[in-house]
Structure formats: C-alpha cells, structure tokens
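The structure appears right after this line, and notes come after that.
Note that the chains are named A, B and C in the order they appear, and that numbering of residues resets to 1 at the start of each chain.
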Amino acid sequence: MSSVDEIMAGADKPVKRPVIKVENVSFSYPSDESNLVLQDINLEVFRGEFLALLGHNGSGKSTLAKLFNGLLVPLTGDIEIFGLNTAYEENEFKIRRNIGLVFQNPDNQMVTTIIEDDVAFGPENVGIPRNEIIERVRWALDAVGMSAYAKGTPTRLSGGQKQRIAIAGVLALKPKVIVLDESTAMLDPRGRREVLAVAKRLQKEEGITVILITHFMEEALMADRVVVLDKGKVYMQGKPLEVFENEEALKQIKLGAPPVISLKNRLREMGASINDVYTEGELAKELGKLI
Amino acid sequence: MREMTFGQYYPAESVIHKLDPRLKIVLTLAYIVTIFFVNNFLAFGVVFIFLLSLVFLSSVPIRMILKAVRPIMYIIIFTAILNLFWGVDGTRVWNWWFITIYREALFNTALLMLRLMFLVMGPALLTLTTTPMDLTDGIERLLSPLKVVRFPVHELALVMSIALRFIPILMEETDKIIKAQKSRGANFDSGNIFKRAAALIPILIPLFVSAFRRAEELALAMDSRCYKGGKGRTRMKLLKFSLTDFLAVLGFIIFVLCIVAIRVHFMHIIPVH
Amino acid sequence: MSIVINNLNYTYSPRTNFSKVALKDITFEIKEGEFFGIIGHTGSGKSTLIQHFNALTPVQSGELIVAGIDLSRPKTSKIDFKKLRATVGMVFQYPEYQLFDATVLGDVSFGPKNLGLEKDEILERAKQAIGLVGLDYESVKDKSPFELSGGQKRRVAIAGVIAMKPQILVLDEPTAGLDPHGKREILDLILTLKESVSKTVIMISHDMDEIARLSDRVAVLADGQLQYLLPPSQLFEKSDSLEKMGLDIPTIARVVKHLNEMGKNVPHDIFTVEHAVEYFSKTIKNKNQ
C-alpha cells in the first residue's frame, strides 16, 4: 500500500489528515536570493476541501502552487504531499500524478492540435495501458463538459472552453488534488463561471480537493476556507465570511470584501440587523425585511 | 489571418483520408521515386490517370491540387526556358538570329515540366488528405526503428506537434502586434530595404519575447503533467492496417508495374535521348 | 473631435466558406469629451469596431468619420494615417506585450518619432508621458522595460500611446489580468489622462462594474449589433436582457433586481456599494421612524 492509499483509506476516520502540509517554508528565486517570496509559511490542506488562496500579484500565491507539486523546492522548511516530501526527487512523479496544476494562460498548456490527444498526454507520460487511457480521456472530457469537442482543435474555442480542456488534461491523471493557479484571471465573466462550476462539481461529485488561487474576491465565497497571503506571509485565514467580515484588515493590504459582503458589513456597522449572507439573493431577502 | 491553419488539410471523409498515414507517407515517397523513372509521354499519361483517380477518390477539389503547383510555377518556367535553349544537337525546329530550338530539347522540356508538376501534386495530395497531427504521428512511427541508434524520434515528433499547435497562435499574435505598432504610427510599407528591415524590429522583439514566455509556461505545464521524455510512454492512438490499406498497396503496385512496363517495352515509340 | 458611425458593416473573410459577420448596421455617435463604454462578450464585435477608429480595419461598408477624418471613402490611400494615428491613441489588450525597445525612454519615444517630431519635442513628450502614467522618469528611463513589474510594464505601454498626445484615447480591456489594486490604479490613471491629455475616452471591458462606474454612456454589443446605448443609470433596467446576452451585471444591480422582483421599489440606478449603502441606510432609517 502506498502512502497515498493509506491516507485515502484513513479518510473516513474522524481525525482529519492533511493531504498537503506546509511547514515553516521560505522561498526565494535564485535570480534574486535576497528577496524572500515566501516567508515561514505554515499551512494544511485537508482532503476534499475547497480552499481559496487569495492575494495580490506578487503575494507569493503562484509560487506556493509550484511548490505544491515540486516544480519548485523550498529554500527552508518542508512540504509533504500525502506524507511524501517534495524535496526528494524519487517522490516527484508520485506527487505530480496526485496534484494537478492548471495554469493561467489557456493557450500555453496544450501540446497537440487535437483535443483528445492532448487530454491523453498525461496518462501517456506515466505509461497507462492504452485501453485505460481511452477510458480516462472520455471520463475527463465528460467531467468538464467538453466531450462534444474530443476530435476537434482548440483554435476556435473560447478561453473558458480551453481552460476546461486544460482541467481535463490534468484530470486524466486522476489526481487527488487540483490546483487552479489563477486559471480564471484571463477569462471573460462567462468563461470564469464555466471554470468555477467545473471546479465545484469536481470537489462535490468526485471528492477532489480543490485549491483555487485567485485575486477575484467573490470567487472565494464558494470556498470552504480562505487563506489570504500578503508579501509572502499568511495574512489571514478562516471561513470566507469570517475573513471578509474583517474588511478593515483586508483594506490595509489593499484588498476588499466582495460587494455583497461589503454592503452587508457596512449596513451592519450603521446598526441594521442583517444575518450572514453569501449571495445577492440572500442579501436581497434580508434587505427586503428591512425596507 | 485567424482562419488560416498550418498545412493545407482539406477535411473530408474519403478512403484516401482514412488510409494509414504511415502508408501514405511511404507511398508518396515511392511515388516520387517512380516519377523519376518516367521518361515518355505515354507513362505520364498513366501517371495522370493514376493521380486523377486518386484525386477523385479523395473528394478534394482539383483546383486545390493545382493551387499547390502555383508557388513553384516560376521555378518550372525558369527551368523550362533554360532547358529549352540547352539542347545543342538534333533536329532544328525553329531558328532566329543566334537562337536555335531543337526538337529533342522541346520534348525534354515538356517532360521536365510534367515531371516537376506531378512531383509537386503527389505530396500535395498527401498533405491535403492527412491532418498535420497524423503526419507527425506517421513520421514518428516510421522513424521509430532509429531509436535503436539513439535518434530522438519521440522528441522530434513532439517538437513538430508543438510547432503545429503554436503556429496559429503566434500568427494571431503577430497580427495583433503589427496592429498595435501601426497605431503608434509605425510604417512598414515605405522606405528603402534597410528602413523596412529596421521597421520589423518592433514586431520581431515582442514576438520572440512572447514565444519564449509561452515556451517557458508550456514547459512547466508539461512537467506538471509528468512528462519525462519518450521512455516508458504509452500511446492512446493505435495505427492499424485495414483492408483499404492493402488495396491501396495493391493499386500502387499495379501503377508502378505499368510505369516499368512502359519504360521497358515502349521506349521506342517516342524517341527521346 | 467626435466619432460618427453610420450603418457600419464588417464581415471577416467575405465570400469564403468561413465568412463571419462581425458588425451589422452599427449607427451611433461618440461625442467630444465623453467617457464612452463599450461592453459585449467575446466575439460580440467590440474589438473589430474600435479597430475601425484607427483605420487598422478598413471600412467595408457604411460611413465612419473620426475627428473630421472621413474613413469611409472608397480610396483609403487618401487617408492621412499619420494625422489619424496622432489623433486616436489605441491601447490594446495586454499592451505590455508590444514593448520592444532596450529602454523605457526608447519605447515611449517610438510613437512621437514615427510622427516625425523634432528631437527635443520627442524627449519632452516622452518625459511628460512617463510622468503622467505615474512612473518616476529619472529612475525608469534607462531601464529595460522587460525588467519592470507587470503593472509597471502596462504603464510604460500606455505612456507610449499617451506620448502621441491623442485627442481620443481608445482602450481595449485595460485592466485585464490585473489584481484588484492594480485595476483600481489603472482606472484612476485613465481618469487622470482624460483630464490632462485625451478629452474623449472610449473603453472596452468585460467588467460591467467598471464600465458602469466610469462611463457617461454605454454601448452594448451582441452578435455584431448595437443592442443598447444608454447612460449607466438607465442600463440596469435592462438587467434581464443583458443577462440573456451572457453579460454579467454588477453584483449590487443584481441585488436591486432581486428586490424589485420581490415587489420592493428600488431605483435601478444603484449599482455601486457606496450608492447602495447610502440608499439603504436612508430607507431603513425612514422606515424605522
């Protein structure tokens, strides 16, 4: 039994075990060693959760994503994925098979001109037998709602569709965790909605742990937990509403709360009694009672 | 520009389209060799009929095949003219001042033009009926025995595949950069050759920067998807010989036999060489 | 310095199998001094439309007069391109991807140089433009634009357009890919530029929130057609049909829409948090009294 399976087997036990454990991690790029991009980060990601990682460009959130799957290795401290340390080269492929990374630019992640061939790239790399690859490609494209495009080329797809193909490409490796590294940043609102819906479905229906790295505050509302990074440090963390409740603290690092929460917060400050809300509809209901 | 795709694949559902790409590549090479054995008009007649029936079977419009000849038309005409005045011996058919044209040269020139045209049309049919991806696949598998001598077959095929993927993206990007620099008053259409070459810098540099950035990101994405070279890789696509492939081989053999027979038996009909 | 558009049509690859209608009978006018917003989802024709303003896309049919320059004449060779491009400045999507020179100063000077200005004038304009976009001239002028941060690169690219002193500034998704703070900074910058250099500003965005916040009037494009041309205060009366076009209406406008559906009478011109706080706090107070 590999350690991956062990953790998965232990999942139904009451004790929550982290799939990702970041311990006292600091990091700097070799080109600029004096500049610590990450400073003494401690973080745990639990199985099956939807975690949003918020922060400005340069807060270190994308660097953290690359540390998760061993594309980068910590300067000091340790990162363990299912108990496997990312610093050891022999763990590299075990880790990468289980942590899928989807990047920002939908055009720069595809290696072939035929969509299904591209989705097959990952499983081909790790030597999955042919019949199973076919099975996985079909499943992955279905999971992102792109089966109809299997034989087509990506050239004429929208950004959101291309990004869903990129997710399928990662999914075909059957990872336990998917990291969306600013995967919605370059998309239009429709594309963003598509990608987020896919991410949520994967978490709910396939039990995949999702880490959503973004600078769109409202996207974090769909997460179970939010971690805010600033200047390479964990600045805040908690349930989305807990974090956004403290709008002042967010403003200090030039972030803010999503409009719904912000409106609620400010009316509350003025003495209005409004219950906690997530969506426009819920806020409208609360306001409807008051006016 | 956005609508342009690399290569010139003509999508259709024909027997020719469905042939195994490896077979098509090999047969195209064999066809090229065969064309060099053709040296009289009767044989070219056979080639013509053979090619015409293939085009008919492929449901590619004839004008698409002819289009392939257009870019090299100048080369054909230039070579033909050179060849026409080269023949120094034989029956004079035309004479003016110091220019003399001989009958043999005339025949030779006509054969040369036909040869060049048919040489281009065969491979054109291959690229029109095979997707660039299938071509890459076919080449990779045909070259795979070379892996034994450590020739990087898989890497070569991957490079081709990535090139095919990124050429339309980079073309679109070029279009965008040109527009942006034009709107900053750049002028690409006037001035001498040096000025025009210098005017390309504001296009080429952003394009290179972008290509490198894309390459870097792609490398990260490939790494993340467990890419570690050709070793231990499996393949989803399986290439398999079908009945049509065997029929195609049979048809081609008959074609070659015809050409050989004509060369051996009917040489004397048209006096050449 | 207005832009007059009359029955403008455009088709990509006309007379081929993949011809695609990008613009259909577009007619409207952009007035001098206006902040004009254009919104529409990807493929609605908005980028094609604005590329006409600079003659980067030639007029196929219809009439187009930009700042008095008639672009609709059949003979495009008569257009004074230099004058046109000095009048209409165009900031493309991700403009930082067009930087090419070894130094920031060189890059920003590119436009003025192409206009054939005197050396002193070029330097003066570049200096001014770099300052206007909020960068410190002395410390960045000799730097390579490629070693700057993402936000700074975008500023340099905008400076390159501003150095041409365009009367009309056209921006295609100027905040794309930026984080919230970077977005605010660029939008503030655009407002500053409107005060100081370009009287007329035309901005394309996916983000209905920023378009509604800044624009005097908003044109809504879908499938190459002009659907609405309204001031933001009236735009969200059309929330339903905007959403049908696949456009995102601002979060607060959606809250207002929900309230109206519940039978409450809340004005549709509320679409920012600030405005909503003001309105609801007042209404709640009134009700309690």
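Just so we're on the same page, a residue touches a chain if its C-beta (ideal position, glycine included) is under 8 Å from a C-beta of that chain, and two chains touch if they have at least 3 such contacts.
Since the structure is predicted, the reported quantities are computational estimates derived from the model, not experimental observations.
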Worksheet entry | Chains touching both subunit B and subunit C, listed by label | A
Fill in: Chain located farthest away, centre of subunit A as origin (C-alpha)
B
Discussion item. Centroid of subunit A to centroid of subunit B, CA atoms only: how many Å?
Written reply: 45
Worksheet item: How many Å are there between the centre of subunit A and the centre of subunit C, using C-alpha atoms for each centre?
Response: 32
Worksheet item: Mind pulling up the subunit A residues that touch subunit B in the complex?
Response: 66, 69, 71, 93, 96-97, 100-101, 103, 105, 107-114, 116-117, 120-130, 133-134, 137, 154-155, 166, 169-170, 173
Fill in: subunit A contact footprint on subunit C (complex, rising order)
41-43, 149-151, 176-182, 206-207, 246-248, 250-252, 254-255, 258-259, 262, 264, 266, 273, 276-277, 280-281, 283-284, 287
Item to complete: Spell out the residues on subunit C that touch subunit B in their complex, using ranges where they run on.
Response: 12-13, 16, 18, 51, 54, 56, 81-82, 85-86, 88-90, 92, 95, 97-101, 110-111, 114-115, 146, 160-161, 164
Worksheet, complete the sentence: Within the complex, subunit C is touched by subunit B residues 2-3, 173, 176-177, 179-187, 201-203, 205-206, 209-210
Fill in: subunit C-facing residues of subunit A, complex
56-58, 104, 158-159, 185-186, 188-191, 215, 217-218, 254-256, 258-260, 262-263, 266-267, 270, 272, 280-281, 283-285, 287-288, 290-291
